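See the structures that follow.
What follows is a pair of complexes built around chain A, which joins chain B in one and chain C in the other.
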Partner chain A sequence: MKAYDVIIVGGGHNGLACAAYLARAGRKVLVLERRERVGGAAMSEEVFPGFRFSVFSYVVSLLRPEIIRELELARHGLHILPLESTLTPLANNDYLAQWSDHDRNRRELARHSPRDAEAYDEFGLLLHRMARAVKPLLSTAPPDPASLDPRELFDLLRLGRYFRGLPEKDLHALWKLLTMSAADYLDEWFESEALKGTKSASGIIGTLLGPRSPGTAYVLLHHYMGELDGVFRAWGFAKGGNGSVSAAIAAAAQAHGADIRTGAAVAKVLISGGRATGVVLENGDELRASVVVSGADPRRTFLGLVGEEHLPEDFVRSIRRYKFRGASGKVNLALGELPRFTCMPQDGPPHLLPHLRGAVSISPSVDYLERAYDDAKYGEISRRPYMDIVMPSMLDPSMAPPGKHVMSIFVQYAPYHLNGGWSDARREEFGNTVIDTLAQYAPNLKSAILHRQVITPADIERIVGLSEGNIFQGELTLQQMFFLRPAPAWSRYRTPIHGLYQCGSGTHPGGGVMGASGRNAALAILGRRA
Partner chain B sequence: MSDVVIIGADANGLVAADVLARAGHQVTVVQEERTPQRTMGWVPPQLAADLHLSGLTMACPDPWLRAPLGDGTMLELWRDVARSAQAIRRVSPRDAEHWPRFCERMATLARLLERLYVEPPPSLVDLRFALKLRRLGRQGMEDLMRLLPMPAAEWLDDWFESDVLKGALGAHAVRHLLQGPRSAGTAFRLLHYHAGNPPGVFRVPASNLAQLLRARSTAVREAKVSRIVVRSGQVSAVVLDGGEELRASLVVSAVDPRRTLIDLLEPGWLDPDLVRALRHVRSRGVAAKLALALERTPDWKTLTLAPSLDYVERAYDDAKYRRVSAQPWLDVVADGKSAEVHFQYAPHAQAADANIAVKLLAPHLPAIIDCKILPPPRAWPEGQPHQAELSLDQALWMRPLPELAGYATPIKGLWLGGQAMHPAVPGVAGYNCARQMLRGA
Partner chain C sequence: MLKTTPFHERTAALCASHAWRRWAGHIVASSYELSHEREYHVIRTAAALFDVSPLYKYLLRGRDAARLLDLVITRNVLKASVGQVLYTPWCDHAGKVIDDGTVARLDEQLFRMTAAEPNLRWLEDNAVGLDVDIADVSDSIAALSLQGPAAEAIVQSLGAPPLKYFRIAPATLRGIPVTVSRTGYTGDLGFEIWTDREHAIALWDALMDAGRAYGIMPAGMLALDVARIEAGLMLIDVDYVPARKALIDSQLSSPFELDLAWTVNLDKERFVGRQALVAEKERKAQWRFVGVELHYEGLERLYSELGLATRLPGAAWRTSVPIYVAGGQAGYATSGVWSPLLKKYIALAHVQARWAAPGTRLEMEVTVEHRRKWVVAYVARKPFFDPPRKRA
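Up next is the complex of A and B:
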């Protein structure tokens, strides 16, 4: 039997990226994936005959450009199609559209508020600058601020020097973004309700917080971070669905010699004398390696695969209080015809319907989102949910049979901790709420639906293995970010068990199909800095 | 002739006046409204010593928190940590066990705040500040980093299970803030109100600081200020409502920065970017104050009606949509046959409903003879006593704006020393401001 240096538990995009980097550095790597296919939540599947879906995560935005470069993902089949617009339908049959064309965008904004059109560019420039300031942190292993280890102290000083090098004005602007609510922050810039609603929506994704809660402004940056790397890599689809991202990374890993085994569920990490020595599979097979890397979330990794008996008490307490609270669901629709949004011109061939080639956002105002949150805060499905809708078949016709379409609806809020718990009936109720809400803007939707797939946070947990269905492997709130992710003193991908590392989104920087956690973990294992 | 004019005769104005007078300045205080009877806030020992305050009283009621348990009895939290733990044992033995450690950990962090509060705010990238943080030790640093951005609810959930305990503490954390206990960044306010208190007390103490100083100051003018006059970038006089001009080379404003720099200052002196930023300083009042007349003197001093975190959060939900809470959380402080009620949330410019308060309070109070709503003092913009809401983005080096955090303004000789300034503790902001002026002089 082949001997491995490294075993990676979980073939999500981070596990695969970690594998690819380690294999590229000459390590013998084995990736073990519980399911029959790799990708974790970044996967495509033909859910209904002829209709392919990015079942869970559905857009590519933050995938680190260095990963695309270093792993030559384009050569391994990754092709990203840009999303061109965002349409926010409004109740009065009006709409707010944001176009990639600058002049067109400005004219549209001015139609709602000339002041906002003025402010928009300045706002964009500021956020660009902030995103640029934060970007280097994404590829940094966060040092422990309480550490006495000279290496970490050195990193701390380096970090300190980096921040001291930034203009003070920018630091203060960054502090505001970190500590303010999206609603308050946007109020300082804009007056149009639809614009503020749509912009603040990006601040609540994946988190059980409303747009008026402090800490939600920071995520506004993420949208600009994607754009920084060039328009082509801004928000977009992977051709063939998000599974193509995972497939490309897997292909790169294999090209460097990594082995990937699917249908291989890990039951336990083997530990002896405080060291990880391998894993045992659910079928009883034992596999040995001196380094084990877990791509699973912190709860599954430490309370499941490792077991608290092997861990210090303080650490277990930190992991126990680490918050997941999944808040989002998904509805995937197979459509016999395109939805006709009453607020937009409705006729013409698909290529003349540019608004359907972008995202449609149901976020008419900040209050709308906040009310959606109010329901979830007390354990109910939002009666009027926020939705982010894309139609991949508009850009990639291979996703659906000719003339037919697939629609992906990301929905918030659907709280994991639903009053009374999730059941089949509640899932259907959730699906109906989504369809009913959307049908108010596109009345032909109901009759266009051929099939529907409804995914609740409980389903995400069951199928993909993300605790409480949190799409980021743990909430991206300040108290769970940077050197606190996932636990104080353990933010550098190491764990209290020698030879056991973490590489999932539950580590810095976490969240989104970014791959940074996987890459950073690999570099930490190799003893290198990014 | 005086060379310093202070606008506002509250604790901040009077402390600044006293510090400057001691340094040999001729100081005139313009009193725009009555000096409050009680000053709500911690008086640092250093300030009391510097101002030679004798007769200073500063106290919280003991028990400092009383919350009804539904069975007619009360949960009482005392200055004595062990006694509180004893009381908590009745609602949750587990919480009782956690209480002493919670108090100790919070006190460690509060000591750091106390040191930070009697100095101008540190700079965000100040190395000395970083070292101060490291001196907290691993546990303290971890606690601080986690606590600062956290919702109070989450922090309390970490420690306790009792709804009554968490509800009451959570309510006090969001006192005078347009956020609910589930909003991020509210945990640190628990700490803010804790600073200066003994371990286990999370209520702001009341002192006679302003009254003591008011009795002491001689040159006080009772008038309204209408204008601040500037000559070639240097402040030169304060004009009173009647048109009288008080010449001064130094002016300290204890009223809010927006009024000071936008309304009182002659226009044209400030950078438009600064004016824009000033207009964005948030200062939304959220509470009403009610005065009750009682039939007899109750046998207690304080009562908090905030039975759970959800209760407080729902009260906030109304305020979010600019409505008065249908079920507000209430805090009563009794003084003889009269009592004052803190009613939250009642967004500014919305009349609080005294009837709701009376109805909620009736089962717990002696018969209420009269209840009236007191208007907020003029010095509270939009009814906000902190003058600028105390939230993380308006605290420390950000308070009220990074450009103004050092108490100086772009106008030479014009200083800010009110509640909108770090550390938002009455008297201490004025103290820091005056000392900063003397350092510069």
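Up next is the complex of A and C:
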């Protein structure tokens, strides 16, 4: 039997990226994936005949450009199509659209608020500078200011020097972004409710917090860090769905010699004398390697695969305290025709309907989102949820049969800790709430639906294995970010078990199909800096 | 006055950007939308419809039509079968490229030639003593190019026969008599559809209508320029100076210098420029036309030093840019673009033959915030993008 240097538990995009980098460096790598296909939550599936969906994660932006380059993902089949606009339908049959064309966008914003139209550019410029400022953080293992490890001190010094070099006003803005709520931060800039609502939505995604909760301004920035073709805040869609991201990384890993085994669920990490020595599969097979990397989230890794008996008590406590609190679900629709949003004139062929080539955001105001959160705060599905909708078939017609379409609806809030728990009936209720809400803006939606797939946080946990269905492998809140992700003193991809590493988005810099955790972990294992 | 194409009634109505470009005395859309971005991606994901009517087109008919073409172009026309299309350059007597285009054998004694520049006189002058009738059909034949993975499904849904790469056949699309060739300028799966001027609008409507379910979009020259660079396809007047326009010898290029050695058939007994090309093959071409990839991290560093995000050319540039090796000039790039698909900054360049091997480390000039800098670049294989579907 082939001997491996490294076994990676979990074939999500981070596990695959980690494998690709390690294999590229000459290590013999084996990826073990529980499911029959790789990708984890970044996967595409033909859920209904002829209709392909990005079942879970559904857009690309945060995927690090250096990963695309270094692993030659384009050569391995990744093609990112830009999402060009965001349409926010409003209750009074009006709408707010944000277009990629500057003049068009300014004219549209001015229709709502001439002041906002002017502020918009300045705001964009500031966030661009902020995204640039934090960019070096993304591809480094975050140093712990409390650490005495000379390596970490060196990194800390380097980082300190870097931040000292930033203009004072940028530092102040950064501090505000780290501490404020998205709503408060946006209030400093804008007056249009629709614009603030839609912008603040970026601050709540994947988190059981409302736009008025402190800390959400950072999540807003996190979603600004996406970079496509040198442009920040550019969102895209992978041709063939988000499974194409995983497939391309897997192909790169295999091209470098990594082996990938699907249908291979890992039951335990083998530990001997405080060292990881391999894994045991659920079928009882034992596989040995001197390095084991877990792409699973911190709870599954430490409380499941490792077992607390092998871990220091304070570490176990930190992991227990690490917050997941999945807050979002998905509804995927196969459509016989395009939805007609009553707020937008919609005659003519699809190429004349640019608003359907971008995102549609149900976020008419900050109040709307905050009320949606109010329901979730007390354990209920939002009666009027926030939704981020894309129609991939508008950009990649091969996702659906000719003339038909697929719609992906990201929905918040659907709390994992639902009063009374999730059941089939509650799932249907959730699906109905989503469809009813959206049909208010696009009345033909119900008759256009050929099939629907409803995914709750409980489903995400059950199918993909993300604890509590949190899409980021743990909330992106300040108390569990940077050098605290996932646990104090263990943020640099290492763990209290020698030879056991983590590479999932439960590590710095977090989720969003960035691949950064996988890459950073590989570099840490190789003892290299980014 | 600039001319409009037979499709102008339709293209003008769709041209929201009001951005037009000149092409052989005609105006054609640079982009229909406000940005060419989407039009580019449609080429690679669905199907993009281009108006390529401004191409010069000649119909050659007669017993000696094949002989005339065989005499003029560098490839072997006599061996071409009916239904075959040849991409080819043609040269002057000194073996320097005059133009490049396609020659389609529509029948035993009937050919259609496309060219970027007028070539009627050149063809006539070479036809002395030959039994061939040459007609300039540039204005009477309208042409559309449908490019992208869905192009085949669209033309076949209208009744086009299956076609292999670089084949042409007559067809009737929704009652419209056309010829369809599996050719294009994007390096993708695609077709060019040729019809008489009077059928132009009906043909446009038929394609747009049939393409609707497949995500068809009209696309302009800006998108085409990105695609053709990815495909490693050169453009006259941009990547090379045609022999008739060269003011000094150093502006001239032979097919060998343009990476077109594969089109030069020296086994043919006689064709214009043969002697010169035989001699050049002997002594080996001094220049090569290559693909170049800029080193991204190098470019990023230059911008980063100034506190700026990397600026990338989303639209193709068409200027001459110096290329260096070890401090001395080794050549020049003639077009370049950030490939949104490959996520690479690519360029087409002329370099001295000894620097032409793939992987050779070069440096290319870039202007970063008003300052001229050099960025490491590597010779890369062309085409940069070559999907199997193109030939499948």
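What we mean here is this: the second predicted complex is superposed on the first by the 521 of 530 C-alpha atoms of A that agree within 3 Å, B and C clash if a C-alpha of one lies under 4 Å from a C-alpha of the other, contacts with A are read in each partner's own complex, and residues count from 1 in each chain.
In the analysis below, a contact is a pair of C-beta atoms (placed from the backbone, for glycine too) under 8 Å apart; a residue touches a chain by one contact, two chains touch by 3 or more.
A quick note: this is a predicted structure, and the numbers were derived from the prediction, not measured.
J.: After lining both complexes up on chain A, report clash or fit for chain B versus chain C.
T.: Once chain A is superposed (C-alpha atoms), there is room for both chain B and chain C without a clash.
J.: Looking at the overlay, does A:Phe163 come into contact with chain B only (first), chain C only (second), both, or neither?
T.: first
J.: Which angle, to the nearest 10 degrees, do you get at the Cα centre of chain A between the Cα centres of chain B and chain C?
T.: Taking the centre of chain A as apex, the angle works out to 130 degrees.
J.: Which of the two partners, first being chain B and second being chain C, lies in contact with A:Pro49: first, second, both, or neither?
T.: Neither: A:Pro49 stays clear of chain B and chain C.
J.: Is A:Pro397 touching anything from chain B or chain C once the two structures are fitted on A? First, second, both or neither.
T.: The answer is second: A:Pro397 touches chain C but not chain B.
J.: On the A-aligned overlay, A:Pro354 touches which partner chain: chain B = first, chain C = second, or both, or neither?
T.: The second partner, chain C, only.
J.: Just to be sure I read the superposition right, which of the two partners does A:Phe483 touch: chain B = first, chain C = second, or both, or neither?
T.: In the superposition, A:Phe483 touches chain B alone.
J.: Considering only the touch criterion stated at the top, classify A:Pro82 as touching first (chain B), second (chain C), both, or neither.
T.: The second partner, chain C, only.
J.: Minimum CA distance, chain B versus chain C, superposed model, integer angstrom?
T.: Scanning every C-alpha pair, the shortest chain B to chain C distance is 20 Å.
J.: Do chain B and chain C touch any of the same residues on chain A, and if so, which?
T.: none
J.: Quick one: which bits of chain C touch chain A in the complex? Just the residue numbers, please.
T.: Contact set of chain C toward chain A: 33-35, 37-38, 41, 44-46, 149-150, 153, 208, 212-218, 296, 307, 309-312, 314, 338-344.
J.: For the complex, which residues does chain A have touching chain C?
T.: It comes out as residues 65, 68-69, 73-75, 79-82, 84, 100-101, 103-104, 128, 132, 229-232, 239, 349-351, 354, 357, 393-398, 402-403.
J.: Write out the stretch or stretches of chain A touching chain B in their complex.
T.: Answer in residue numbers: 145-146, 160, 163-164, 168-169, 171-172, 175-176, 178-181, 184, 187-188, 209, 212-216, 321, 323, 367, 370, 374, 377-378, 477-479, 483-484, 488-489.
J.: Which bits of chain B are touching chain A when the two form their complex?
T.: Where chain B meets chain A, its residues are 123-125, 127, 130, 133-134, 137-138, 141-142, 145-151, 154, 158, 179, 182-185, 280, 282, 310, 313, 317, 320-321, 391-393, 397-398, 402.
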